[in-house]
Amino acid sequence: AGDLALYCLMLADDALVYSHRLSEWCSNAPDLEEDLAIANVALDLLGQARLLLARAAAADPSIVPALPDGSPVPPEDALAFFRRDPQFRNVRLAELPNGDFAELIARLLVFSAARLALFERLAGSRDAVLAAVAAKGVKEMTYHRDFAGRWFLTLARGTEESRTRLEAALVGVLRLESELFETHEVESRVATAGVGVDPATTAAEVDAVLSQVFAVSGIERPRVNPLAGLAGRKGRDGAHTEALSRLLAEMQVVAREHPMGRW
Amino acid sequence: MTQVVDERELEASFERTIAHNDRIEPRDWMPDAYRNSLIRQIAQHAHSEIIGMQPEANWITRAPSLRRKAILLAKVQDEAGHGLYLYSACETLGVSRDDLTRRLIEGRQKYSSIFNYPTLSYADVGTIGWLVDGAAICNQVPLCRTSYGPYGRAMIRICKEESFHQRQGYELLTTMMRGTDEQRALVQESVDRFWWPALMMFGPSDEQSANTEQSMAWGIKRHTNDELRQRFVDMTVPQAQALGVTLPDPDLVWNEERGAYDFGTPDWDEFWAVVKGDGPCNAQRVAHRRRAWDEGAWVREAATAFAASQQTSEVR
Amino acid sequence: AGDLALYCLMLADDALVYSHRLSEWCSNAPDLEEDLAIANVALDLLGQARLLLARAAAADPSIVPALPDGSPVPPEDALAFFRRDPQFRNVRLAELPNGDFAELIARLLVFSAARLALFERLAGSRDAVLAAVAAKGVKEMTYHRDFAGRWFLTLARGTEESRTRLEAALVGVLRLESELFETHEVESRVATAGVGVDPATTAAEVDAVLSQVFAVSGIERPRVNPLAGLAGRKGRDGAHTEALSRLLAEMQVVAREHPMGRW
Amino acid sequence: MTQVVDERELEASFERTIAHNDRIEPRDWMPDAYRNSLIRQIAQHAHSEIIGMQPEANWITRAPSLRRKAILLAKVQDEAGHGLYLYSACETLGVSRDDLTRRLIEGRQKYSSIFNYPTLSYADVGTIGWLVDGAAICNQVPLCRTSYGPYGRAMIRICKEESFHQRQGYELLTTMMRGTDEQRALVQESVDRFWWPALMMFGPSDEQSANTEQSMAWGIKRHTNDELRQRFVDMTVPQAQALGVTLPDPDLVWNEERGAYDFGTPDWDEFWAVVKGDGPCNAQRVAHRRRAWDEGAWVREAATAFAASQQTSEVR
């Protein structure tokens, strides 16, 4: 498959899979305000995923899974609902099963800070679609990061329990942080072409943002080693955790039952 | 004696406001029975929005297209928003949201019985929009003119969004009807399950309804249950025909004389069983809400503690 | 579909679906001995399900879902993996999501006591296969019921917490007890034909068994109303809880991905 | 003085037993270092059985045929059984199962690193049987003759069942290879992932292995890591050929001179990262066990309380 298409899948799958996890919170948040806010974040990411999947399909139609002749399923849905887990290109951070609210906040902070820094650069992409998606996404991710940052501070300085839970959640999230900044060969090539962004170039900026949040919150950043891959292969290579195939089984069940369906 | 006179004057003023179809506002005097009746009604309505998130949220993660997933997620989010407005309206009557939530999860306040039915296929998302939101709108549009100001204003906003949801639901069903045979069967099966429960959403028939008369006198309610039910049936039958589904009622027939549809009698035994807590999902819905509330306790406590610490530092 | 086939599906689906719930306990039990015992029960029920599904398919091949030409999937698997939830005939008790260990014990006690009483009668079926399945099942269900009964007593007389949990679990389970003894029209006809058993004829005996367990355990039997159906339709009619379609999405995902697969 | 002499005599007797390849039994005297080394080894083995349930249990609910579901469920059940025998063997050395479990969930004792790799398709169920159980058997068969009686006897029973599991795993893979292209691709992909981790199951190469020499002197271990690894490779390559899969090692080639296969070097950096806790699933596996253990605490307490109350009433 073409580099641009694969690159769009990476950006799309991060958003699609993490949006799924966030949407699992729906009707389960600590209070209505958070239920609304989390749904908002999930919706923004879902919107990004749709545009990016469509761009991927347009860039290289050969990546779109084949469906029966005459199927009305649009490319974005064929990609979302008819790929298996080894074909998903998201980082493993996106697919982790949900933990408690502290885990939600810790993960969202790291995810949105990284994606925001990436999108700020991607807004200058030579690809007009990617540039537009990124420009719109910058506003969205800024809100997501601020929401997570405010709650991070609140939990850090709230109660003994909230602080303990936040610290525990951070260990699991930070183990998967570095994967966000590892340069995949596809990313390297699209960056050279001026179409994409090498995520490694955002690492220092994101680190500075997180350091500030930690400092203001009075939380010491836990030192953790990154989670090993499978013979070096990680999410971007299609090597995932056990959680992703279960997530997809649920996400895809209705769509797959109706390959000729209209929705 | 002075106080008695004052109270009489206040009551007279209250009655005049009601009679002129003007709004009662939070700072106005109002009889305790009116206040309590409103609290019960608004809270029940707010609880319905919040509990009503569950049957639809059940399908967000399984939505069969990304477009439908976005629509559904936004809709359930709107319901949380409606819950928020309504709890706020209720708080103007002097009860806190926490308090109301506790009444819900302890089973002391009710919510619309329709949400005690399960959602069993993606067609249910459409059917809930079409029939359940449709019935809710019939119930709620008159409440935009209800006598209590904050409630009426909340209802105006809510009704607007509900109409939008209803159209989206109907649109999903029409799309599915243009799809495969399996999809058409799903729509019919879903309508079969939801038709009667939707009719029951208007409450028992007028002879059996305890609250109707007083609520109408106070302008909290503006039409009887049976009037609203008839209006809903008359509105819905042509839509069903356009959609191409059969409503599961052999007695449903146009009555030229009345200029309205005749229809069968809902199974009121089932209605009362569900109201009393023995519906297919009552226990599940309340347990879900209780679990979410309990699991969120530490977060709410943290927010409170943090806010208090911020105020302290501001004072300094 | 023929009555015998539908009747076999009812008995099979109870076993298959409940076996699935029990197998979810695997590697999650309070201690190794219970992990072994629960897996045993799940295996016994799975074995019963396989024989009963095969009997159903033999009695009326038209009930077996159609698969692509040349598919090697045997009838028992076509029935297990290629029906949707409205085609499942199990009682809703079998499909409830798992609760804690007390819920496991309360449900297993009721389920196995009812199935044992049924199988004791079914051993006299005019259908040789059903009679054989039932005769073998009697030994198995006796063990299941005794396992549940011993733990019921242990939890009832163990600690304050175990007793409280057991009482809480009972409420949910007993709401679905009566569905086990309601006579479906299919059951009524196969009973008349001497092939099946009307479950209503076992109600008194099961009630007596449960009453004795409650009495020995010093637990008062909670009075609960039965869970309503959907316009009177319940599990045996294919009207299930929200949990079944999720269970099937998981159970069927791999099989459905490979309709031509050999396993 | 007497005691010192006794201790010397005991030690001499112990050494004689070892030298004659006889069994040490629980009541026999043994050096503390021998006891501790055995506890470590048997506990690690028991933990491996119990943690090893997780990657396979992950697929029970998704097994693609009822026959395979039954086989897998029975296999995972056998592993719980193996854990039981081994904990019992370990208890004869004076540590309780509770204690050992705590050492596991607190990260103070290890288990086989292979279980820190995820299972990502149903083919992994077959590959684990073929390669992982195959490697385990190579490691374990010599332990049937180990110097400590209860351990050796447990191993005899376990090895018998493991061989059965290995054949079942291989049989699943051969069946899938006779299936569709997608199934064959699943098998190859699974073998690609598990080959190197299976080779690492024999531990670091002999030069780097700290425990080997003393363990061999005590008859707790009977072959070096590299000897066992070679035996496994020589046994497995023809099976891979029969199956029709490619083992992911370009250096794998028959060495006529040695009468054995040459093969590449495992990625020992990955090995040590996984041993140290940074493998793909270490945290997940231990957290799973800890959660199950914690959630079961009230049940174990109830059982203890009930047993105590029964004893009391028997005494009366």
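Here the chain labels run A, B, C and D in written order, and each chain numbers its own residues starting at 1.
Just so we're on the same page, contacts are C-beta pairs under 8 Å (C-beta built on N, C-alpha and C of every residue); 3 or more make two chains touch, one makes a residue touch a chain.
Every value quoted in this text rests on a predicted model; they were computed, and no experiment measured them.
Peer 1: Which whole number of Å gives the spacing of the CA centres of chain C and chain D?
Peer 2: About 35 Å separates the centre of chain C from that of chain D.
Peer 1: What are the residue numbers in chain B that touch two or more other chains?
Peer 2: 62
Peer 1: Mark out which residues of chain A touch at least two other chains, giving numbers and ranges.
Peer 2: Residue numbers touching two or more other chains: 249-250, 253, 257.
Peer 1: Chain adjacency by touch: line, ring, star, complete or other shape?
Peer 2: Looks like something else, not a line, ring, star or complete graph.
Peer 1: Judged by the touch rule stated earlier, which pairs of chains are there in contact?
Peer 2: Touch list across chains, by label: A-B, A-C, A-D, B-C, C-D.
Peer 1: Across the complex, what residues on chain A touch chain C?
Peer 2: 84, 246, 249-250, 253, 256-257
Peer 1: Contact residues on chain D for chain A in the complex?
Peer 2: Interface residues on the chain D side: 55, 58, 62, 117-121, 189, 193, 196, 267, 270, 273-274, 276-281, 283-284.
Peer 1: Quick one: in the complex, what on chain B touches chain A?
Peer 2: 50, 53-54, 57, 60-70, 73-74, 76-77, 80-81, 83-84, 87, 122, 172, 175-176, 178-180, 182-183, 288, 292, 295-303, 305-306, 309
Peer 1: Flag every residue of chain C that touches chain D in the complex, lowest number first.
Peer 2: Touching chain D from chain C are residues 16, 20, 23-24, 26-36, 39-40, 42-43, 46-47, 49-50, 53, 72-74, 76-77, 80-81, 100-101, 153-155, 157-159, 161-162, 165, 250-251, 253-255, 257-258, 260-263.
Peer 1: State the interface residues of chain C toward chain B in the complex, per the touch definition above.
Peer 2: 85-86, 172, 175, 225-232, 239-242, 245, 249
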